[in-house]
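The letters A, B, C and D name the chains in turn, as written, and every chain counts its residues from 1.
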Amino acid sequence: MTINRREFFRLGGTAVAGTTASALGFGSLEAVAAEVRPYKLARTTETRNTCPYCSVSCGVIIHTTGDGSKNTKAEIVHVEGDPDHPVNRGSLCPKGAALLDFIRSETRVKQPMHRAAGEAGFKPVSWDFVMERVARLMKDDRDANFKQASDDGKTLNHWPTTGFLAGCATTNETGWLTYKAVRSLGIIALDNQARI
Amino acid sequence: MASLQSLDVRNRSASTAVPPSVRKDLEVAKLIDVSKCIGCKACQSACMAWNDLRPDVGVNSGIYDNPENLGPAAWTVMRYTEHEEAGRLEWLIRKDGCMHCTDPGCLKACPSPGAIVQYANGIVDFVQENCIGCGYCVKGCPFNVPRISKADNRAYKCTLCSDRVAVGQSPACAKACPTGAIVFGSKESMVDHAQGRIKDLQSRGYDKAGLYDPQGVGGTHVMYVLHHADRPELYSGLPNNPEISPMVALWKGALKPLSMIGMGMALLAGLFHFVTKGPNEVTEADEENARKLKGRDAA
Amino acid sequence: MTTSTEKVAVVRDTYTRYNPSERANHWLVVVCALLLMLSGLAFFHPVFFWLTALFGGGQAARAIHPWIGVVLAISFTFMGIRFFRQNIWTKEDSEWMSHVGDVINHREDKVPEAGRFNAAQKLVFYVMFWSVVTLFLSGLVLWQHYFGDAFPIGLQRFAGLVHAVMAAAMIITMIIHIYAAIWNAGSVRAMTRGPVTGGWLWKHHRRFLREEVGGRK
Amino acid sequence: MTNGWNDIKNADVVLVMGGNAAEAHTCGFKWVTEAKSGNGAKLIVVDPRFTRTAAVSDLYAPLRPGSDIAFLGGIIHYLLSNEKIFKDYVLAYTNAAFIVKEGFGFEDGLFSGYNAEKRDYDRSSWDYEYDEAGQAKLDPTLENPRCVFNLLKVHYSRYTAEMVEKTCGTPKDLFLKVCELIATTATGAKTLTSLYALGWTQHSKGSQNIRNIAIIQLLLGNMGVPGGGINALRGHSNVQGITDFGLFSNSVPGYLAMPNSKETTLEEYLKTRAFKPIRPDQMSFLQNYRKFFVSFLKAMYGKNATAENQFGFDWLPKVDVNLDTLRQFELMFQGKMNGFICQGFNPLMSVPNRKKLIAGLSKLKYLVVMDPLHTETAHFFENHGEMNDADPAKIATEVFLLPTNCFAEEEGTFTNSGRVIQWHWKAAEPPGQARTDIQIMADLFLRLKALYAKEGGKFPDPIMNVDWSYRNPAKPTADELLREINGRALADLPDPADATKPPIKKAGELMDIFAQLKDDGTTSCANWIYSGCYTEKGNMTARRDPSDPSGKGIHPNWGYAWPANRRILYNRASADPSGKAWNAKKKVIEWNGSRWAGIDVPDFGPLIDPTQKATGPFIMNPEGVGRLFTRGMMREGPFPEHYEPFESPVANPFHTKVQSNPVARVFKGDLEVFGKSEDFPYVATTYRLVEHFHYWTKHAKMNAVLQPELFVEIGEQLAKDKGIASGDMVEVSSNRGRIKAKAVVTKRIRPLVCDGKPVHIVGIPIHWGFIGATKKGFGANQLTPYVGDANTETPEYKAFLVNIKRIGPAA
């Protein structure tokens, strides 16, 4: 039997007090099994999605708790790159890799808010209140300022006094429906974030 | 603690027994190609996201480094150096974090059984449950990596995502890295990969490009490809020939058995002295002498 | 033979070796040192790690160890001040040390007379003094919770080594010290109760006895 | 992007100029690093700052902000004067040989036809010479001094390396190294790809920056080939899609135009749109304009659009003035706007001149913000000291903040920069009471419709007639909207080849491709270029087959790329006129004797035999070739010319009479607040950092950790001159406002010597505001000038004048 240096040092100590300790009943000294942190996504639900930031449009996989059963609210707990996505192949930039903190941001709006003239801040209100009020304001402005024809009699049929800025992180479907609604109202002050 | 063992242990801090070592695991490594790194901090994001870490929001101190240093909740940080080489500006950006040494100074220094383990695949992991917060790992580490949390007095550092690796995935940072500057695989294939990268760099005029896999700590399981491998210290002070400090080596090495022997010898010496010579007791003659002395003086 | 202790005690003339304040101070140091040794050994070598259980676990032992050290340092400071003068090394001490073999082999007659503290005790004092100083200072450097970031890493590593070396030295010295107390009958009583007999002083600290007796004039 | 993200890996030289791909398009930049490591590619970065992209470049050259046209013009001059062009390609696939009309000219910085009063050109002289049949004349020998090629040479003869150094501050030898490396791709064996973004567009002459690279890429023969092309790296995840859907004042989905007030009938509108070919054999694909437009009107108005009512043409609003964002805020500022709706947009942060924006928003009657986050725009009325100096008591604007879902809480499609439309799935419900944008828009529309039905009002016709026949009108699904976008047959469509055969589509069936669209109202399609994305085979955008059979980065079964699932635009140009690939390594499609085939969907008539017909590869142009000379397409002229930014520290080195873009729109009041270099001696440029996305990720804790606080970057020399140390607080001021920030002193920004005079640069990242997880910070738009590009009205964010001073140590 050969004893290398390290074992010798170990034994040097063990010999003196090792057995004593056990005898004193302080339990096993050598709980050799060390466990890694359990894999936290083992039972989450995966949903394919697209990063909403830049136009590389990386594929992401969103992990939610629960299995979709009715009484379990799916909570988004992790976002990671989609390894199958041809462009990002699972990678994400520091923004994409931190998407969870956008989704769960403390500064997310969770209920409709209203600020009346002169007030210093918002007050929470109901959807019905805001939608009714906005529709009323829009109709009043449209009825007051809609132009059917120009001064020289050319057809205009437009409403120039209410502007609309479309988002660029909304879906194409939202874009199309927005286009339809906005143009049907005659809005021409329409732009989006494309150039800014 | 459950006895389930998802990665085999090769080495365990403050333990005198040899862990089960019959099974052979594939040795893994993370290779960081500094020449491909753009310092985007995706690795930092991915690390925070995966490990549920949220360091405090700091300030800008006139540099890009944020968080400015490693911390209990910042297991990896990018370090930026503006370096001029032959009139040409180079922005040397290094991802700092645990190197997962083959001969880990932290593990050597750790006094708490099982607070630091080295898995058979090369990952060095801190088991916070067993950590007593003494900070010896900080002293033992040649790369200044471990950090002790003020909140819970436990040591933290990169785990190389041992939880991911254990189920066959790559570490979160390696997966996220947009430019492929971080790659993960077996140590052998990472060394091969590095050779290819070094050739490419040499073809682009970096004659001294090379692999950083310091042998002073037995090699590492996090390696770098450097454009200036001859001067690793350019990269925010990456140590040139890191090794476990001789002081720590002595403290945690020879001193232990020597002291034990010394203490044991002292005890034994006492014991044998006592049984051979017996107690040194005062005799009536001594008392008499004392009385005499007193009496003489009194007289 | 009338060597029964009770009998002798009746006729024995006693002297106060350590007054109550000295004894209390000493035992405070002893308690601290023992606790420090127990917890410190737990951090020093894995086979002793179980000792942390005495303190409520590793975290608790780690937390309390430096505080005990502080208490020890303070109490030892008082003791140091108290005994400093009697521990000044003299020519006679060197002479005494050359007869240490005679001491061990119970041949007091061949050993030069000792004062209140003999040379070996003085050595214990010095080792203890320097151990406490260096352990205290190196302990501060190692005190992660408060000074984890205060010192350069090289100094921290040095402190680790120094702390361990000095602790080992101190423990060995303590073993010798304790054994000497057991071996030299009557010493324990001196430190627990205070009095020693004239004979005890005659045997171990004759010069001191002479001074004492002279002093009673 | 003409090519796609994955295609970048095929490049031999990558030019990143006018962008910072590593920081702003990090995961796309992966394919640059792939090109480098896998293809031995060289990366050139030209930028005023040594960026993270530059950090991994092979060659970095600095230039003064706003001098890109001079730099690129210099490259064109180099290529032409050293004959480093791909001549066969240039002759066959560009308008080099086309002869330009007499009367076209350029003098003293202006092209022919300038009207100083209108600040505009009469562009009629900017055209070819035509024969009697209306076909353009050309001289294939290139000897005619009035052919495009010779005019190009003359125009760029002024752009010498010396002039580049004088204008851009780029050292001559460095500039020539860039030219040499770019010129290595002039042979057809190697390709150059160009990646740009807002660094080229956010200038008062941004569009002309891009025209320059178009000329370079045509001269080098790099259009239509793998690893080539001009790749605009778009901004937001779906800015490409929203652009495709024409959410602009003057656009209709699919890059069709909104009718203007002069176009009173459908016929009149179409007259100027459907271009006839001006060379023999050309496809001039927009001849199909009527089909696309009528199908769009059918999607808008459904059954109510009939041939009799011009398919509802009158219901579409007519645009008299282009009401882009800058003009909207100008009108707001003048008190001429009453309402304003922001759908996921934060203009208070992203439109220039914050002071003006607050004043404008304060004059509104109502402001509606739909957003998942508390945006600064919604909170514009709050006082945040110097960061947002508003007085709520004096602001009467009624503000509504409507909570919307985020990407993870909805399904639908985004279109990436490479035109790939990708469906995404919903992972969870929106938090609290948040609703989808679709639901909000539908609710709003239906409420308005109900109000008009009940109360009547001005011209309710379009509201009443718009097609809203969704299964649940209050909640249209993304799935049914995407089908509507793709288009369907409204009647049985006969086979055009043989009417006796069964119809190619039965009524109600989804279109396979836009080629099936009709101009008679028998098809509907919201956006013709998207036609094919949702067919009877299913939702093509939801396909997730990652395979790349050719290994060239073409993943034909992953999502759906418009148009026609084509991944490389103009890919016909990858083959020579006879139909054989210029270079076997760079093969995309070839003529196989009976049809065009290859690794991508041909961007060409698949059956056009090149041995029989000389149809050009640029089928969207009526001349069938790429344009070195753009005719009247651009407002500044058919060739790009260097003009200084509206705020510049130097006089235009090319011509003293015309300092800046002669046709850019400047509103009254904005002109007065342009700063002079005497007061504001340093050039500022704004930009993004990799750690943040616009004003969005500052709400995310992790990103706040990575880049917590506003800073500005200056070079070491300027720092020394001004006594500023890294980490100090500084104040940066322009003639429109001032900001306070930490200073980062760096070697990565250096003074550029222009015309013998050092020009110092102050870099200002844009990501901070007064709401979110980061430290509060000023916005770059508190400084920026209110002027936009003459063609697109993209604000000049990249070059303006500031001053800087130290105000103290770190607070």
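Note that in this section a residue touches a chain if its C-beta (ideal position, glycine included) is under 8 Å from a C-beta of that chain, and two chains touch if they have at least 3 such contacts.
Note that the structure is a prediction, hence the values are computed from the model and not measured.
Comparing chain C-alpha centroids with the centroid of the full set of protein C-alpha atoms picks out A as the closest.
For chain B, the chain whose average C-alpha position is most distant is D. The pair of chains sharing the greatest count of C-beta contacts is A-D.
Inter-chain centre distance (chain B to chain D, centres taken as mean C-alpha positions): 50 Å. With each centre defined as the average position of its C-alpha atoms, the distance from chain A to chain D rounds to 26 Å.
For this pair, chain A with chain C, the centres built from the Cα atoms lie 66 Å apart.
Averaged C-alpha coordinates put the centre of chain B at 38 Å from the centre of chain C.
Contacts with at least two other chains are made by residues 13-14, 16, 18, 29, 79, 88, 91-98, 100 of chain A.
Residue positions of chain B touching 2 or more other chains: 15-16, 40-42, 44-45, 48-49, 113, 178, 180, 256, 260, 263. Residue positions of chain C with contacts to 2 or more other chains are 45-47, 49. Every residue of chain A that touches chain B in the complex is listed here, in rising order: 7-14, 16, 18, 29-40, 42, 78-81, 83, 88, 90-98, 100.
Put simply, chain B touches chain A in their complex at residues 1-7, 9, 12, 15-20, 40-42, 44-46, 48-50, 113-114, 117, 119, 125, 127, 159, 162-167, 172, 175-178, 180, 253-254, 256-257, 260-261, 263-264. Within the complex formed with chain D, the residues of chain B that make contact are 35-42, 44-45, 48-49, 54-64, 66-67, 74, 82, 84, 89-91, 93, 178-181, 196-197, 200, 203-204. Contact residues on chain A toward chain D in their complex (touch as defined above): 45, 47-59, 62, 64, 73-76, 79, 84-89, 91-103, 105-122, 127, 130-139, 141-143, 145-146, 148, 150, 154-196. Those residues of chain D lying in contact with chain B across their complex are 22-23, 26-27, 29-30, 33-34, 36-37, 40, 50, 52-56, 58, 60, 690-691, 701-711, 725-728, 742-748, 773-775, 810.
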